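Several structures are given next for inspection.
Shared chain: chain A. Partners: chain B in the first complex, chain C in the second.
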Partner chain A sequence: MSITAMPTTEIVPARSWYKRNEIAVTPWLFLAPGVLFFLFYVIFPIFQSFNLSLYAWDGLGEARYVGLANYQELSTDRAFETSLWNNLKWLVLYLLAIPAGLFIALFLNQTVTGIRLYKSLFFFPFVISQIVVGLVFTWFYDPTFGLLNVMLGWIGLGPINVLGDPTLVTYGIIAAGLWPQTAYCMILYLTGLNAVDPEQIEAGRLDGAKGWRMLWYIIIPQLKPATFIAFVVTIIGALRSFDLISIMTNGGPFGSSRVLSFYMFEKALSEYGFRMGYGAAIAVVLFLIMLVFIAYFLWSMFQEERAR
Partner chain B sequence: MHSMLKASVAALGALAISASAALAGSHGEKLSGDLVIFSDMSNPAPRAVMEGMVERFGAMHPDLNIELTVIDREAYKTQIRNFLTANPPDVANWYAANRMKPYVEAGLFEDISDLWEGPIGEELASTKGAMTLDGKQWGVPYTYYQWGVYYRKDIFDQYGLAEPKTWDEEKANCQTLLDNGVKCYTIGTKFLWTAGGWFDYLNMRTNGYDFHAALTGGEIPWTDDRVKATFANWRELIDMGAFIDNHQSYSWQEALPFMINGEAASYLMGNFAVAPMRDGGLDDSKLDFYQFPAINPDVELAEDAPTDTFHIPSGASNKEAARAFLEFVVSADNQTLINNGENLGQLPVNKNSGVDDDKFLKEGFAMLSSNSPGGVAQFFDRDAPAEMASIAMEGFQEFMVFPDNLDDILARLEQARARIY
Partner chain C sequence: MFPTPIEKTPRAWQLTYQSLLPLALLMWLLPLLAVALFSVKPEADFVGGGYWSIPSYFAGFENYGRVFFDSDMPRYLMNSVLITIPTVIGCVVLSSMTGFALGIYKFKSNIWIFFMFVAGNFVPFQILMVPVRDLTLDLGLYNTKTGLVLFHIAFQTGFCTLFMRNFIRALPYPLIEAARVEGVSEWRIFWFVVLPLMKPAMAAMSVLIFTFIWNDYFWAVVLTQGAESQPVTAGITSFNAQYRAAYHLMSAGSIVAALPPVAMFFLMQKHFIAGLTLGAVK
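And now, the complex of A and B:
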C-alpha cells in the first residue's frame, strides 16, 4: 500500500503560485472590481477637484493656473457665507428626523388591526421622489393658493410667504425634507425594535422602570445600532440636500436658500455658471466638512469592530 | 450573390435620388447620411414647429436620415456644454449675441460666414449684428419676438384708461388700477430673468440704448448715478405696490393666472406669453399690447427683441446637410410658415417673409421696424456675460422685494463687474 502511495506524492508537480496563495489572493480578486471603480470614480475625482480648484477654467477653453485665488475669493463671497450657514442649519435641524422617527416607531410598534397599513402610510413619503415632495410642499406653502395660509387663517395668523422670505425659506425647505427623512428613520427603528430583548424589558419592569425611564435606560441603549445608521443616513441626507432646494426655490429668493452643493452647481454647471475652478473650490470645502463626519463614522465603526 | 445585392441597392438608391431631386426641385445637391439635430424647442407649439420643419426638410431629401432630439428648454441650457464637447450633433439651437460667446471662443461653433455672404446675408440683415462675433457669423436666426406690455383691455376700458405714452401716464394708470384693487403688473421672479426684462426697459428708457449697451458691456460702474436714476424710477412703482405680492415665489407661467383672473392688469413680457394667455381665455377683445412708454423724453425708444438661433457645432459630422438645413430654416417661405400665429406666433427674420395676420405680431413688427430708433437689444442675460447676468438679476429680485437694500446691491454688482470684465 505504501508503495502505491509514494509515487503520487512525487509526481504532483510544484503547485502553481495561485494555488499556493489561493486563500490570501481570492478575497482581493473579488474585491478588485469594486476597489478599481472606487479608486477611479471616487478617490481620483477628489484629487482632481483639489487640482481643479487651483485653476480658472470655463469648462471649454484653456485652464489657467491661479493658485489659491479661488479660495481667497470664497472668503469674501457673501453668497458662499450664506450657503455655509444654511448647510449648518440643515445639519442641525435635519437631525430632528431621528427622535421624530423614533417616536413614530414606538407609536406604531403595537399589534392592532390594520397596523401594517398604518405603517406603510407612515413610510409612504420616503417612497415618493424628493422632487414630488418638493412640489407638494411648494404648493402647500404657496402664498396665494396654499393650504398653509388657509390653515394659519383658521387660528387668525396672517398669510406668510415661507419660500419667498429670506429668513424663513431654509427652514421651510428643511421641514419638507424632514417629512421623508422621518419616515426613513422610523423604518430603521421599527426593525430595531423587533430586536429588543423582551426579557430585559421584563426585568426592567420588575425593577420598577416605567415610561421615560424604561425608554431611556432599557430601550434606547438596545437601539444603538439603529440610531447609528439613522445618524449616518440623516447626515448624508442633510449634506446632499440638493433636489429639494432646486425644485422648491432654485436657491432663491436672491440666493438665500442655497447650500454649498447647490452653490457649487450654480457656479460651475448651471445656465449662467462657467467657473469650474471656483465650483471645485466650493466642492473642496464641502468635502472637508464631510470629511469630519466620514472620519467620525469610520472611527466609531472601527471601535465597534475592536469591541467584538 | 453579393454583387447582385449591391447592384440592386445601388439601383434603388439611384431611384430614390432621382425621385428626391425631382421633389426637391430648387435644391440640387443630394444629401445623404445622418443629420442629427438637438433642439431646445420643447414647449408644445415650438416642438410641433421643429418636428414640422424636420418633416418637410426630410421630404426634400429622402436619402437623409434625420434624427431629431428635443431637450427640455431649461435643461438644454446646461446640457449644451456637454454635448458640444462630447457628442456634437450636426445642428443645435442656441441664442444670439453674448450668449454664444463662450462657445465661439472655445471653437465649438462652426464659422458660417460663407453662408451669410450669399443672398441670406441681405435677407437677414436686421439680425446680422446679433449673429456676429469677431467679424464672423456663427449661426442663423430662425425667429425673434418683441417685448412689451401686454394688458387687459377690458379692465383698462372699465376704468377708462388709455394706453400710456409717458411715464406719468403710466403711473397715473397704475394708481387708478390700484385704487380699484387691481395690481398693475404681474411678474414671477423665481427664475430671475423676468426682473431682467424690467431693468432692460427702465434703463433703456431712462438712459438710452447706448448707455444700456455700455453697462451690460461692463464699461460703466453699477454705482453710477445714472444707474441709480433707473432704480429710482423702478422704486416709484415698487413703492406704489404696483407689482403683485410674493412674485419671488413664482415662475413666469405661475404669474399668468393673476392676469387671466383679472387680479393684475398687465404683464411686461415677450410675445411668447400671448399663446398661454389666449389658452387661458383672453381673446383679442380682452388682451392688447402697448410699447413700454417713454420715461426720459431725451432718449430714443429702444426695444428688447431676443433672437433664437440655429448653429452648426464645429464637431458636426454632416456639415453639408447641416448647412442645407440652416438655409432651409431661414428661407423666406419657411420663415413665414413657422412664425405664423398657428405655429410660433413670432416674427420672421427674413425680410422677404410675410408677417402673419395676428394683432400682436403686426404691432410688434411695426414697433421694431419703425418705432425703435434707439436700437434693438437682445435681453439682459444675453447682452451681459452669463456670470454678471446671474448676479445682477439676483440683485434685481432682491431690490424688488427689499428696495432699501439698493446701495448694498449696487456695491455688490460693482464688485462683480470689477472681477468679471
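And now, the complex of A and C:
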C-alpha cells in the first residue's frame, strides 16, 4: 500500500478582519497617538481660547459670560493699539533679515581655506537662546558702558539710551532679533546657492549678464524655494517675538515696546492681574493675523503637492 | 558658482576679500565677544569702572567656578537636560509613526491631517497658553518637568511630522511595494524597511528639537516656577536678579546657559544644517 499524496486543498483559514483591512487600518493606528496628542494640546486649545475670549475670568473663580465686551474694551485700549503698531513694525522690519541673509551668503559663498569655519561662526547667533541674545544686546546698548555708546563716542556722538527711549526701544529690540534671524536666512541661502545650476550661470555670462543683473535675473529666481522658507520662518518669528522683549525691557519704558504676544501674557498671567478672558481676546486677534499667513503658506504648499 | 569664484578675480580683490573675512566676522560676533571678555574679568575691574580695559588678571576659573558651585545654575542645567532629552525621544517616536502613515499611505483625509499638523505648528503660542496651562493644572502636572515635556512633545510633533513626512515621500516607493508583494506585514515594513532609511532624518530632527527646546523660554515661564523644575533659560533670569550688576557672573552664567546647543551644533553640524534647510533646495 502506498501513500498517495493527498491533493493539497489547503483550507484557507478565514483571514482575520485586521489582515483583510491591513492597508486601510494601519495608517490610522500609526497616526492615533500623534494625532490625539496634537488635538488635545494644540487644536482644542485654539477653540477653547476663542470661547474663553467671551468670558471674564480670573483663573480661579467662576467664569462669567460677557459676550463681546472684551473685544469692545480692546477697541479703546491704548496699550493694545501700541502693541498692534509694534507688531506691524516687527513684521516689516524683521523681513530685512532676508536680504541681509542673502548678502552675507553671497559674501561667504567662496572656496577659500577655512570658509567652512567662517560659515559656522556666522551662523552662531541662531543657535544661542534668545534670552542670551537679549542679555547680550541689553549690555551692548547700555548707556554707561555699552559698546554701542563707546563706538558712538569715537565719532563724537553723545550717549543714547536705546532701551530707555520710547521711540527707539522697539527698533533696538528688532535689531537684536535680526541678528539670529539673519543668520538663519543666511544658512538657507548658502544651501540654495550650492544648488544653483552652473550651466545657467555660464549661459548668463555668455549673454553678458554680470553683477546685479546676473543676481536678479538668474540667481534669485533659482533661490525661490529658499526665499519661501526664509519668508515663512521670518514672519512666524516676527509674530512670535516674546523672549527678547521680556528680557530686554519687560515691555517698557511705559509699555512702549509691548507687542501682542507680550501684552497678552502680561494681561493674563503676570502681576498686572489675571484677566484670562481679556488675554484670550488679545490672543485671538494675534491668531487671526497669523491665520492670514498660515492660509497663504498652506495654499502654496497645496499648489506644490498638486504639481507633483 | 555665483558670485565669481575668488580665484578668478584680480589679485587686489583677492587680498581685500581675505582681510575682509575676519574683520566682518569680528564685527558680526562683537556683542558676543564682549560678553566672553566680561566673563573672564575680575569683579574689581567693574568696580573701578574699567569695563573695556584689558582684564587686570584672568578670573575665568573664579567666575565660572562661582556659577557652578555657588548658584542654582547646575540645577537649572540639569532640569534643562531632563526636559530636553525626553522631548526629543518622544518627538522622534511619535513623528516617525505619523510621518510614515502620511508619507506612505494614500487615503482621503491624508492631506487634511497633514495640514492640521503644519497649521498647528505655526499658531502663536498665546492662543494655547491659558487652555494648556489649565490642562496641565488639571492633570496635576503644573510646575513639573513632565508637564512641560508632554506639551513640548505634542507641539513639536507638528513640525516633526512635516519633516518626517516630506523625507519619507522622497524615499523610493517601489521599495515598499516590493516588500508588500513579498507578503511583509505593514508594521514590519515600517520597522525593517522604512525606519532604517529614516536614520539621517531622525538625527537632523533630534538636533533641531534639542536646540528649540533647550532655548524655549515662554513655556518654561507659563508652566513652571522655581528652581526645582525650571530650565536654564528661565533660570538665567532669576540668576540675573540674584547677581544684578555683577556683570562678570552674569556673563559667565549666560555663556554656560548658551553652551549646550552650541556644542550640539558644532558636533552635529552636518545634520543640523541638513535639517534646517530641508526644502530650501528643490
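By our rule, the second predicted complex is superposed on the first by the 296 of 308 C-alpha atoms of A that agree within 3 Å, B and C clash if a C-alpha of one lies under 4 Å from a C-alpha of the other, contacts with A are read in each partner's own complex, and residues count from 1 in each chain.
Just so we're on the same page, a contact is a pair of C-beta atoms (placed from the backbone, for glycine too) under 8 Å apart; a residue touches a chain by one contact, two chains touch by 3 or more.
All figures in this text were calculated on a predicted structure; none of them were measured in a lab.
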First, second, both or neither for A:Leu269, with chain B first and chain C second: both
Partner chain(s) touched by A:Phe44 [first = chain B, second = chain C, both, neither]: second
Partner chain in contact with A:Tyr55 - chain B first, chain C second, else both or neither: neither
Which of chain B and chain C A:Leu193 touches, first, second, both or neither: second
Which of chain B and chain C A:Thr249 touches, first, second, both or neither: first
Chain B or chain C, by number of chain A residues touched: C
Partner chain(s) touched by A:Ile201 [first = chain B, second = chain C, both, neither]: second
Which superposed partner A:Phe231 touches (first chain B, second chain C, both, neither): neither
Footprint overlap on chain A, comparing chain B with chain C: 59, 269
Chain B to chain A touching residues, read off their complex: 74, 77-78, 81, 85, 102-103, 105-106, 108, 189-192, 245-246, 248-249, 381, 386-387, 389-390, 394-395, 397-398, 401, 412, 419
Chain C-touching residues of chain A, taken from the complex the two chains share: 22-24, 26-28, 30-31, 33-35, 37-38, 40-46, 48-49, 52, 59, 106-107, 109-112, 118, 120-125, 127-132, 135-137, 139-140, 145, 147, 150, 179, 184, 187-189, 191-196, 198, 201, 214-215, 218-219, 225-226, 229, 236, 239-240, 242-243, 246-247, 260-261, 264-265, 268-269, 276, 279-280, 282-284, 286-287, 290, 293-294, 297-298, 301-302, 305
Sites on chain C touched by chain A in the complex: 1-3, 5-6, 17-18, 21, 24-25, 28-32, 34-35, 38, 51-52, 94-95, 97-98, 100-102, 104-105, 107, 110-111, 113, 115-120, 122-133, 135, 150-151, 153-155, 157-158, 161, 185-187, 190, 211, 214-215, 217-218, 221-222, 233, 236-237, 240, 247, 250-251, 254-255, 257-258, 261-262, 264-266, 269, 273, 276-277, 279-282
Interface residues, chain A side, partner chain B - complex: 58-61, 73, 78, 141-144, 161, 163-164, 249-250, 252-255, 266, 269-275
